[in-house]
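A, B and C are the chain letters, set down in written order, and residue numbers restart from 1 in every chain.
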Amino acid sequence: MTTFLQLAFVPLAAAVLSCLACGLVGNLLVLTRQSLLGDAISHAVLPGLVLAFWLSGSRDPLPMVAGAAAAALVATGGIGLVRSAAQLEAGATMGVVFSAMFAFGLVLIELTGASSVDLDIDCVLSGQLETLIWPAAEGLASLVDPAALAQLPRELWTLVAALALVLAAFAALWKELRLVAFDPDFAAAIGFAPRSLSLLVLLLTAIATVAAFWAVGTILAIAALVAPAACARLLTDRYGAQIALSIATAATMGAGGYGASALLPPVLGLNGLNAAGLIAVTAGLLVTLSAFARSRRAARLGA
Amino acid sequence: MLLEALTLSAGHNAAVVVLGTAAFGLAAGAVGAFALLRGRVLIADAAAHAALPGVVGAFLVALLFGWNPRGSPVLLAGAALAAAGGVLAIQALATGGRLKDDAAMAVVLSVGFGLGMVLLSVVQRLPIGGQAGLKGFILGQAAGMLAGDAVAAGALALCALLLLGLLYRPLALLCFDADFAATLGLPVRGLDLALHALTLAVVVVGLGAVGALMVVGLMVIPAATARLVSSRLAPMIVLSALFAAASAWVGAALSAARAGLPTGATIVLVASALFAAALLFAPRRGLVAAALRRAERWKKTKTPGGVAEPPAGGSERSRR
Amino acid sequence: MRGLAPQPLEPALAVRDLTVAYGGEPVLRAVTWQVPAGALAAVIGPNGAGKSTLLKAVLGLVPAVSGEVRVFGSPFAAVRRRVAYLPQRASVDWDFPLTALQVAAQGRYRSVGWFRPLPARERQRALAALAEVGLADLAHRHIGALSGGQQQRVLLARALALEADLLLMDEPFAGVDAASEAAILAVLKRLAGLGRTVIAVHHDLSTAPGTFSEVLLLNGRVIAAGPMATTFTAEAIAKTYGAPVPLGLVAA
């Protein structure tokens, strides 16, 4: 038990919390056909992350979140600017902006020497779940011991905060977010500020992405953003069920993926497997199963 | 050091790298311009990410069969298969309409990449050599580029440009108005297939040159730059190819001169700088030109009888 | 409670010299029009005439370059709660996971305000609005499973749920089957009887005279405006569309 708590508990929790935070906010991206905006944001936050990391000299979450939010705003502004100036279609515009910003971030990692202090390419690509250890844990009692809890890695608290923010937004603005996603024109006509709410969704995406960064890196965060909502969309036509199913899928994805990375290698005679990658693979399996279930149901109903 | 790299006098290896990458740039820019016009940019990105497990898988298969696991043809074949598989998966997910294109692409992109990372973690722990090169398929590995690879990139560029040149007229019509092209009896599906195949070829070769994550950047950014500078098709294709080749040349030289700079990212960054310059200074579409035009119109409408113009900033259209 | 709205002295809508431009290109030029309260008014014109833009400009969805919009004598922002908007059916995402009742209930959000969930009595009012358009039995059906006409009626129910004095509708009859058309027509007539005002972008020249009492013929600028009987002439229509109109469409 102590070993579990010291080595596996935090990564497991981080995996699950990452998928939950990203998956919840991802609903609002998938339902508005903005999955690729999630793709773009998770790439675009990199330069913000790296600069904040370099300037603050540590893994302190607050500067990194601020950096990520700033980068997300720059990306959105950039996309708008390029769209109107170059008259490109939406997908190409996003491709230009996020490729450029991501490349900038990668070069910054090298130029600022961040790679020598923790933030290297591997981390960007698939996070660093294995570094989230909890040496202060000593048996189950540690879970309720304030002193031990205070020793939990900061990254976990960032994830808790990010999830709390997303939950709070959904709780307070349940009908507003749903309305703006469905019909922004009508929302504007009755005074429900669609532009501000869209901005909120954008910021929540950036926050969730950066909180999940240490767990799954940049690119696999996209799976966490899109897969839960995609599965739910394939399985239900009701909004409430959509949100609930996305939560269930996210938790399964995170726990299943991390669990596989911990339990499979000995079974297969391997030394280890990339945890974040397995989370994404689990996501893929869940999406495939959902797609299958949907086509079976459609065939049965003769639809 | 940089100057030498740029002028190909920093040694044989560096010269090979710079030339090979530049040759690849020509193909990427030309094909990228068509991909941009046909709206196939993001699916190319998904294909590039999905190709990764194919590369690593091919490595493992080669090991299993006792082939040379580092042989480029094997790896690139794996990449091509996986990339094609990714595109098919996107189509399968999006049929029936419940899951939209964008969600399907995001899923295939990230899941494919994740699978690649998992396979990579398997390979990296095997007690054999040669896995280091596999990582290079993610972010580019110009330093590891062999003369053979450079020649292959050059050959690809040549074939791509020849094909595009031969098919230029029908492709131009296709991009302009696909329905009209169909009524003229043009084999629209065949042409699209040719474009897809070319895009796939560029993506697969690009894995070796600039890495999976940066291929699309080198395809779309120079094309967008060319679009800013010219609104006619032929100049746009040529400019796109040249911008991409130039970015590849300079970027590869930079990354050779300063060790540690990831090749693909540096090349894309150079291309982005070119884009930013065009965004500002392009003669008609550039921001500076637009601002000057707006100032002119504002002055004009201040004279009596003119219709008042909107202030700078334009109107906010409702989304969708 | 709501019954006949008191006779206001102000017209429901007064547009004066309105000019709207998209990025430098004027879409509406110096439009001046008045719609008396309690009227059923049609906005008619060819594609690109700026009809939808006119509605959106009134609602503040697009900014005006110049000119003035007064709703019941006040700026739109001051009387926002008295106006309802029915957008074009095509601009809504019918795949979204919502039921007909949930969409109709969106018309009650304004009364409930921010941050609070919808209480039961508001859902009842939404249900009543659905009943008004004849869709009470489809309340819990997914909107994607409805026919085009039913979808249009759901949007109308939502607009009715707003309990507004002025309703702006963008092509309410477009692509709608006969049963839905009849239902929508009945609702419009009932609204007029209650003293509400309806301004609708309308595309069907043959049904306009029988439905609406006021008309605006628009093609970027005002071609003709006023009571249907005197304004909707063959000559005016020809001028609006730039082509003569087939006989029988309009009484000579």
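One rule holds for everything that comes next: a residue touches a chain if its C-beta (ideal position, glycine included) is under 8 Å from a C-beta of that chain, and two chains touch if they have at least 3 such contacts.
Since we're looking at a predicted model, the values are computed, not measured.
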| item | value |
| --- | --- |
| Farthest-lying chain, centroid of Cα atoms versus that of chain A | C |
| Distance-to-centre winner among chains (Cα means, whole assembly as reference) | A |
| Whole-Å gap between the CA centroids of chain A and chain C | 42 |
| CA centroid of chain B to CA centroid of chain C, Å | 47 |
| Distance from the mean Cα position of chain B to that of chain A, given in whole angstrom | 26 |
| Multi-chain contact sites of chain C, meaning residues that touch two or more partners | 61, 91, 93 |
| Contacts with two or more other chains, residues of chain B listed in rising order | 98, 314, 316, 318, 320 |
| For chain A, residues contacting two or more additional chains | 33, 185, 188, 233 |
| Contact footprint of chain C on chain A as seen in their complex | 31-33, 172-176, 178-179, 181-183, 185-186, 188-192, 233, 236-239, 241-242 |
| Residues of chain C that touch chain A when the two form their complex | 59-61, 80, 83-85, 87, 91-93, 96-99, 102-103, 106, 109-110, 114-115, 117-118, 142, 144, 158, 162 |
| Interface residues, chain B side, partner chain A - complex | 36, 39, 41-42, 45, 49, 92-93, 96, 98-100, 102-107, 109-111, 113-118, 120-122, 125, 138-139, 213-214, 216-217, 220-221, 224, 227-228, 260-262, 264-266, 268-269, 271-272, 275, 279, 285-287, 290, 314, 316, 318-320 |
| Residues of chain A that touch chain B when the two form their complex | 30, 33-36, 38-39, 81-82, 84-89, 91-92, 94-96, 99-100, 102-104, 106-107, 110, 115, 121, 125-126, 184-185, 188, 195, 219-220, 222-223, 225-227, 229-230, 233-234, 270-274, 276-281, 283-284, 287, 291, 294-295, 298 |
